[in-house]
Structures are given as structure tokens and as C-alpha cells.
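Step one of this worksheet: look at the structure below.
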């Protein structure tokens, strides 16, 4: 691990051990949420606790509304965000990302018993819901050159699922993991529509500057170690029963 | 440190403006229906019209007391379970039904207080010349109460303007929703919100200008 | 199909209630400061106090015209860049400064209209017995205007109550934010929102009860 | 034709009208005098059902209302029979002088607007306010307001007019003119009940005078009887102070 | 001591006061008569600076205000010298009868509350309203309101009182009492300006009478001169109609 207490972060306040402040919405199970004890819990939290151990730094979590997290990031009130942020070209223009630690894919969700929709081509002439902040809209648009798919954006994932169940829309596209978990948790009569459509990589964004570059390097090293000693896989198994941390 | 990307702000304007008609139509229609609902409720409460008074109280307390988002949820996701026909109601429809019912509750209070502010002698004089209560309301009391209500109704209008964004939870994408979608790809929340704020502000300024004209007119009798 | 899990609603109540003090303190403090701000602005606008009148207009138009979330963003993220001292302001502080300034703008309009509703003769009588304008305001005009303003201020209060939830974008987790986080584990958004709605409703009912008592008292002179 | 039987009215503990019985003939001018607070205004307001009596029967022409069982239509029809000039005028603040007069004609009597305006012009000329036709009440002097209030009531040509101190804000010149207008009313067989404290005016105009005190009708008679030869002690005392000057 | 010089006042195009010059001596009772709309109320309101004159100088005792250059302190000091009884009373709606009287004593004169209440009780007894001390204006009869308005003004014991038709809602009994109270005022060297249209009252109370018409002072003199032997044609015409009755 990284021993020298040289990691100084902009938001660190505590004396002694260097610390890093990680922002999270606390509203995205099972990645980040409040458990029965009222404490932050989830995949992201476990990953960061482990990173902290490996880097020998204090990890401090801050919760805020998702859209607020980026203001906090930009203004230096937090150092990074742990909230399943997908890496895209556009985002890379603004932020520096650590190495991917989750590999996922886009997944269609349909009403139970609907065997019509299995892939993007089945969506032609249909209504499909996507969540705000996801990249599924551009993913579908890229495929749908002839503009035949009706895309509806939702502020709230659960709202879009309700609409599929009620029959207002035909399908929802979301993260594969989130899809599986939500179908089970929501109790709505839904099912997965075919296999996942594409691959996505998620990681932690940092404000682009020299100091952060050094930190990112150390985080990458810690993630590498976690992959090697299998702790990353263990955390994934604990939350999902599968390994989402490798391609 | 936040470095505002002004280029970006300018770029997204046309995209945001393409949704302005949704925001505006939602606001105006809801305002219109809301004033009607609010006026009815206001009258019922001022004149304590028997059975209805209690109902009006409950209505107002529910719609003011609970978050609009819950009301929209119930309307859009809850109602179809009770009345299946409701499943056909579009998100847009549901949004403006919800916004109308909600703003109606707020306006009821404003209208109630402005009717109460009118000297009782005005109603008496109207009754004494043979008007019915309703004629007196329409001809004498309302026009005077309206003058007092305008600033409060203006408050409701600008609140409503911004609350239309909640319709996004139902999938209606008005200005703010559009902004969020645009910014989601880039995470330029700050810039987007600023651009949205400018649009809202311009709408509000236009409306405030109209409001001040109305007020001036209503004040002629009192200056 | 939504099957409400009442068990769940009951279970999360204690957890939600543990954040009620944040919601309530934010609301009450902001309301208090907001009334003060609103009264000052209202007076400035009614009596068209020279230079200040224009400023007050701009203030009101900005705070009513732009989304609260933008105001909070500017306050919390923007201000520290202009005045570095501002970086020390906590999210909680920023939230209630923002809410106060915002609600003040709304209340200014309500207070303006209720002062305008008072017969001019009242001010004249007060001046004629030798009171200063300010004494006349405090002793004669306000108490009468307040009676008319109460329902409108009530509107602002319940709006404020629910708008405190926006403070979550700054990281202040009040009732609704807490609810969202708790429900994340179970995806029982509907239940959570309902539970939150119930809490808001109870607060509103309590407040409305107090409001009706105040109104009754203020009405004694007019019944 | 007006008939009042057993009229009681109280505000809380304060009994303001106590067992009032009264009949007024068609076309009669009845003047009510009496000290301040004796219930004169309240009596007029009850006659128009602007105050609901605690008990008692009120009849105006063919409309009869028993306070024990009041129907809204009865009240409306009662009010259509009568018009009222309020002690504090109560002009419609949001209407111009002309509109104050024409409003009821158009809304209640369903008269054509142009016709109503003609009536308004005539009346405004009579009370000397034609040049104020487009002013709002807010910019009128006290006497001007009072004249508009009188014109508003008379425009309706009701079968009964209730005047509550209709000359209080008028200078003596105008009092004479109002008197004349009232004489015109009698020709039209309009019944008038006038509350006034101007004894000269009362003498001049009244067919019959009532003296009220403390919520009761203390004495009633022709102007001559009441002013020259009152029988009741309280009336005598009241008039002594007045005539003494 | 009051002095008015070259006072002009107009509302929009309407010239309401035209070049008014006037002096009132200390302790004098000046009565203003004149037709409705002639500018009597406006003159009183200008004297209290509730209306700002277009031009002219107003002096009350040692406070002198030139409308060309008005300072707020001057206005306040002017108003401290005087009190006013409004034509439409303007009682404080949110205050009880007692509070209406004591409010200014406590707030402006910084009197102890208990002392103010004593003064209030005395005055209320004088005007016969002690049992209404805790009522709100809203529940008073017209004459009762007017009496409270008079009591409110007198409680201040100012050096000048401006009465705008102070007896319009009073029955003759009370007019006599108010008259007496006014005579008391003269003993205290209080200057009074009274607008009234009750000629009897004017004769009884005035040291000097002014006849106003159309925004001008047309004639001025002792009551005897004005009422028995007016020199101006307009005055004659006005009084002919009055005395004729």
C-alpha cells in the first residue's frame, strides 16, 4: 500500500492522516444507500473503504442530490464522486477519470410476458424510456438513424418502470445490474428484454489538475491491487452475486 | 474552482428554447384552471357555504400540505389502479391536472383573504340595490378583491412556472428537464441551470410587466 | 401494479422523523428572516422610497424569477469565488440564507398588496394625530395589513416547508432527502413519498391550526 | 306598504331593537328621529334584511318574511321592492359615478345600457354632479358621495326607499334640492322612510314622525304633534334641547 | 395662530383651491361654510399637509412651511400642533374606542398608559360613550363613530383643531354637547377651524365665518355680518335658500 502521508486533498480537513472526501447520492441501491442502521452502505461504499485501507487515508463520505454532487466537485467541496458514473468522451473533456472499476451494459426491460422486444431493432416504432443522466438516449439515437424510436426521458427510474408496467411505454433501457435488481425489488410485473446491448465502463471523476493527477495514480494503483488480491471481486460478489468489476 | 463555460451556455439556449412552449403551456393552462378552482374554493370558504366548507378545507390542506410530486405520483400512477380508464391520461395531461389542482389550493387562500379585505358595506350596497349574492360577487366584490389578489396570484404564477419542472418525474420534459438531459451528458449542471434561470427570468420579467400594467389599471379607481 | 407496503411506511417513520428538526428549523428560521426581508421590501415598494424602489424591484424579480436551486448554487458555489470568506459558510447556513432571501421576495409581494388594501384614511388619521410615518405603519397599518396578509404568508410557509428539500443539492439532508436515501435500498419510492407526505401534511395541519387561531384573533375587530 | 311586527334584534348581549311594531302606508313619508345609538340605522338595515332580526315579521307589499323561516328568494324579492341610502354612502368603489347609478339598472332590472345611462344623466343633472360622471367615489367630496348615493337609490324607482341620514353631508342649498326630489317621489307613490337628525328637514318633509329611543318606538304622530306637542317625557326632553336653540 | 398665504391646490386639471389667504387668531373659532365640492375639506387637509399644496405658505404657530421646499420634520411639527376630525371619521379600525383615544397620547406624547386611559375615560364620559370603551369602530353607529373621532382629536389638546363637519351624524341633543365642548376648547386657547353646513350651529359657535365657493374665499366676517347682512351675491343666494326655510 501507499504509506507516505503525502496525499493532500483540497477538501481534507483532519489533522494527521490525509483524507479524501467522496460525494455520493445515497439514493442508488445497492451501490449507495442508507442501511437499516441509517448508515451509508453499498457497493461504492465498500469499494472506497477498501481503497482507503490500501492508500492508508481517511475516506469521508458526503451525501447530496445527484445534480448537486457536480457543483460540489467543481467547487472543491468534495474530491470525487462514487455514484456509478459512466465514462464518455464528452465527460472526459471536463473531468479526469480513474481506471474503470465496473463494467456493465445497457439492458432493456419490458412488461412480463412481452417476448417481442429483445434487441434495439425490436424497438422500431415503440416507446422506450431512459433515465436522466444515463447515456442510453445517445446510444439509441446512434442506432436509430431513421428516427423511428420514440424516446422518453425520466427524472426517476422507478417512474419509467411504473409506466412499462402500466403499459404507457413499451420498454425501458437502463444499466443491466440496476435492471435485474429493480425488477426484483419493485415487485412490478417486468422482465429483462433480451441480452445487454452494449458495454459501459464506470469510474470516479476528478477535477482536471496536476494535484488530482497524482491522487488518481494512487487510486489506480490501489484498484489494481484490489483486483489482484481479489477484494474487488469479493465486494462485487457480496452485493451482486456476480463479478461486475472485470470485462 | 468553477470556470463557467459561456460558450456552452450560449450553445444550449436554442435547445432549451425548443421546450419553452411546454413550460409555458403547462403554466398558463394550470394557472387558468387554478384561478377558477381557487375562486370557487375561496368563495366557499369566505361565505362558509354549508357542507362544502369542510370539503374545501380538506382539499386546500391536502394540496398545500403534501409535496406536489406525491400528488403527481398519485394522479399518474395511483389513479389508473382505481379507475383503469385513467391509464389513458397522458403524462402531459396528468401534469396539468396536478398543477391546476395544486395551484388552485394556493390561490384559494389568496382569494379568500382578498375578499375578506373588502369592506362589508360594498356587499351590502350591492344587495340593497337588488343584486343576488352572486351578482354582487361578480360585479362589485371580485373586481375590488382582484386588485388586492394580483400580487399574490403573481407569486403563484412564478412558483407554478418553476414547478412545471416537476412534471419531469412523469416524463414530461419542459425547460428544466431538457436542461438536465443536456447537461447529463456533460455534467455542466452549473452552466445549464444558469441558462435555464435566464429563460425563467425572462418569462417572469415579461409576466411581471404585464402584472404591473394590470395593477395600474385596477388602481385607477383608488389613486 | 403498486401494492402499498404499509408495514414499510410505518417502519421508516422514525427514521424520517429523525430529520424533521432540520426541515423545521430551516423552514422556521427562513420564514422568520423572510418576513423581515419581505416587510422591508414591501414597504419600500408601497411607498416608492427613492433609490431603493428600483433595487427592491430587481431583488424581487430575481428571487422570484429564477429557480431556487440556481440561487442556492450561486450562493454556495458561486459566492466563494467572489468573496473567499464565503467558502466557510456551511451548506446548512447557505440553505437557510438562500431560503430566506427567496421567500422574502415572495412575501414582499404579499405584504405590498395587503398594505395597499388598507384604506388611505387610516394612514391619514395616524399622521394627523402626530405619528411619524413609521409609527403609523407599526401601530395602525401593519396590524390591519397583517390580517389580510396571513393567508398569503401561510402559502409561503407551506411552500417553504417543502422547498427545504432542495437543500439536499447542497448536501443538507432533511426529511425528503432522508426518505430518498432510505428508500433507495428497497425501491419503495411510492411508500417513502407517501410517508414524507404524511409528515409534511401533519406539520401543515398544525401550522394551519395556528394560522386559523391567529386569523380569528385578528378578525375580532371586524366581526 | 310596509308592515313590521314584533321585531327584535340584538348584537351579542346588546338589545338594539325591542319589539318594534310599525305600519307605513303606500306613498307615505315616514321620518325617524332619535338619539345616536337608539337603533335607527339597525331598523332600516333589518327592513332590507341586511341584518337578520332575532325575531319578527317584515312585510313590504306582497313579500312577507318571518325571521323564523327565511328563504333566500324572499329576501331577494324584498330587496327588489326597496332601495337604500346608507349612512356612510357605500358607493361601489370600483365603479364610476355613472356606473354606480346604472349598474343595478342593467344587472338587476335588465335595462338596456343606453337607457340606463339616460336615466343616470338625468339624475346626475338633478343632483348637480353631471360633470363628475366619470369620476371614482374615491375622488369625491363628502357631499358629492352622498348625492351619488341618493341618485343610485332613486334610479331604481323602487316602491320603498330607505334613507339613512340622507342630508348629513349636504349644505343647506342641496338639502332643499333633495327635499324637492323627495316630494317628486311621493308623486310616484314611492314610500320613504327617512332617518334624520335635522329637525327642520323632518318637519318639512314628513307625513308622520317616529321618535325612537333605546331600541323602542317611544312616540309616533304627525310632525305637528311630535314637534309642537309631544306627549312622552323622553321626547319632550330630546326636543327641548333641540328647539331650545 | 394660523396663517395661509397664496395657497393653490389642484387635482389633475381640477383647480380646487385658488389663491387662499387667511389668518386665524389664537383661540379663535373660525367656521367655514359653502356648497358641497367648494374645497372646504381640501383646505383643512392642506392645513395638516395630508394634501401637498401646489403652492403656498402655511404657518401654524412657529412652524412655517413653504410648499416649494418642504422638509419632513416641518410637516411632523406642523401636525403636532394640530389635530383633525375627519368628515368620514377615519377611526383606527384595529383599535378599540379607548385605544383610538389613547394611542397618540402614548405613542406620540409619550404619556404613561394609565394617565392616557384616565384622559380617555373622562372624554368618553363627556361624549356619552364610556360603555363602548372596548368596542371596535366596526360595531359603532354613525354618531358614535363621530363622537369617538372628536374625542380622539381633543385628547391631544393641540393648539389647533380642524373639524370637518363634526356634527353631521349627531342628533340635536349631541350637537349641543359638542358645542359645549368646543366652548371649553376656547377657554384653553385652542384655535378651531370648523367646516359645517349646519347654519344654526355656525351662528352659535363662530367668532368669524368664511363663505367658500368654487375654491375661493368669497366672503368673510362675523356671524352677524355673514348671516344677516351678506354683501356678496353668491353668499346671498346661498343663504337665501337656507334662511328661506
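When the chains are written out, they are named A, B, C, D and E in that same order, and each has its own residue count from 1.
By definition in this document, a contact is a pair of C-beta atoms (placed from the backbone, for glycine too) under 8 Å apart; a residue touches a chain by one contact, two chains touch by 3 or more.
What you are looking at is a predicted structure, and each value in this text was computed from that prediction instead of being measured.
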Touching chain A and also chain D, the following chains: B
Partner chains that chain A and chain C have in common: B
Maximum centroid distance from chain C, chain identifier (CA atoms): D
Among all chain pairs, the one with the most C-beta contacts: B-C
From chain E, the most remote chain by mean C-alpha position: A
Length of the line joining the C-alpha centres of chain A and chain B, rounded to whole Å: 37
Rounded Å distance, chain D centre to chain E centre (Cα mean): 28
Length of the line joining the C-alpha centres of chain C and chain D, rounded to whole Å: 49
Gap in Å, rounded to a whole number, between the CA centres of chain C and chain B: 17
Where chain C touches two or more other chains, by residue: 1-2, 69, 73, 77, 119, 147, 190
Touching two or more other chains - residues of chain E: 88
Multi-chain contact residues (two or more partners), chain A: 67-68, 71, 74-75, 156, 162
Chain pairs that touch, as defined at the top of this document: A-B, A-C, B-C, B-D, C-E, D-E
Residues of chain E that touch chain D when the two form their complex: 11, 33-37, 41-42, 87-88, 139, 141-144, 147, 164-165, 168-174, 176, 197-200, 204, 238, 241-242, 244-245
Residue ranges of chain C touching chain B (in the complex, touch as defined): 1-2, 61-62, 64-70, 73, 77-78, 81, 106, 109-110, 112-114, 116-117, 119, 147-152, 154-156, 158-159, 162, 165, 176, 190, 193-194, 196-197, 200-201, 203-205, 208
Contacting residues of chain B [partner chain A, same complex]: 1-2, 73, 77, 80, 87, 91, 168-171, 173, 177, 180-181, 184-190
Residue ranges of chain D touching chain B (in the complex, touch as defined): 45, 48, 50, 76, 79-80, 82-84, 86, 88, 90-95, 103-104, 107-109, 136-138, 152-153, 156
Contact footprint of chain C on chain A as seen in their complex: 23, 25-30, 32-35, 38, 41, 62-65, 67-68, 71-72, 74-75, 77, 156, 158, 162, 165, 182, 185-189
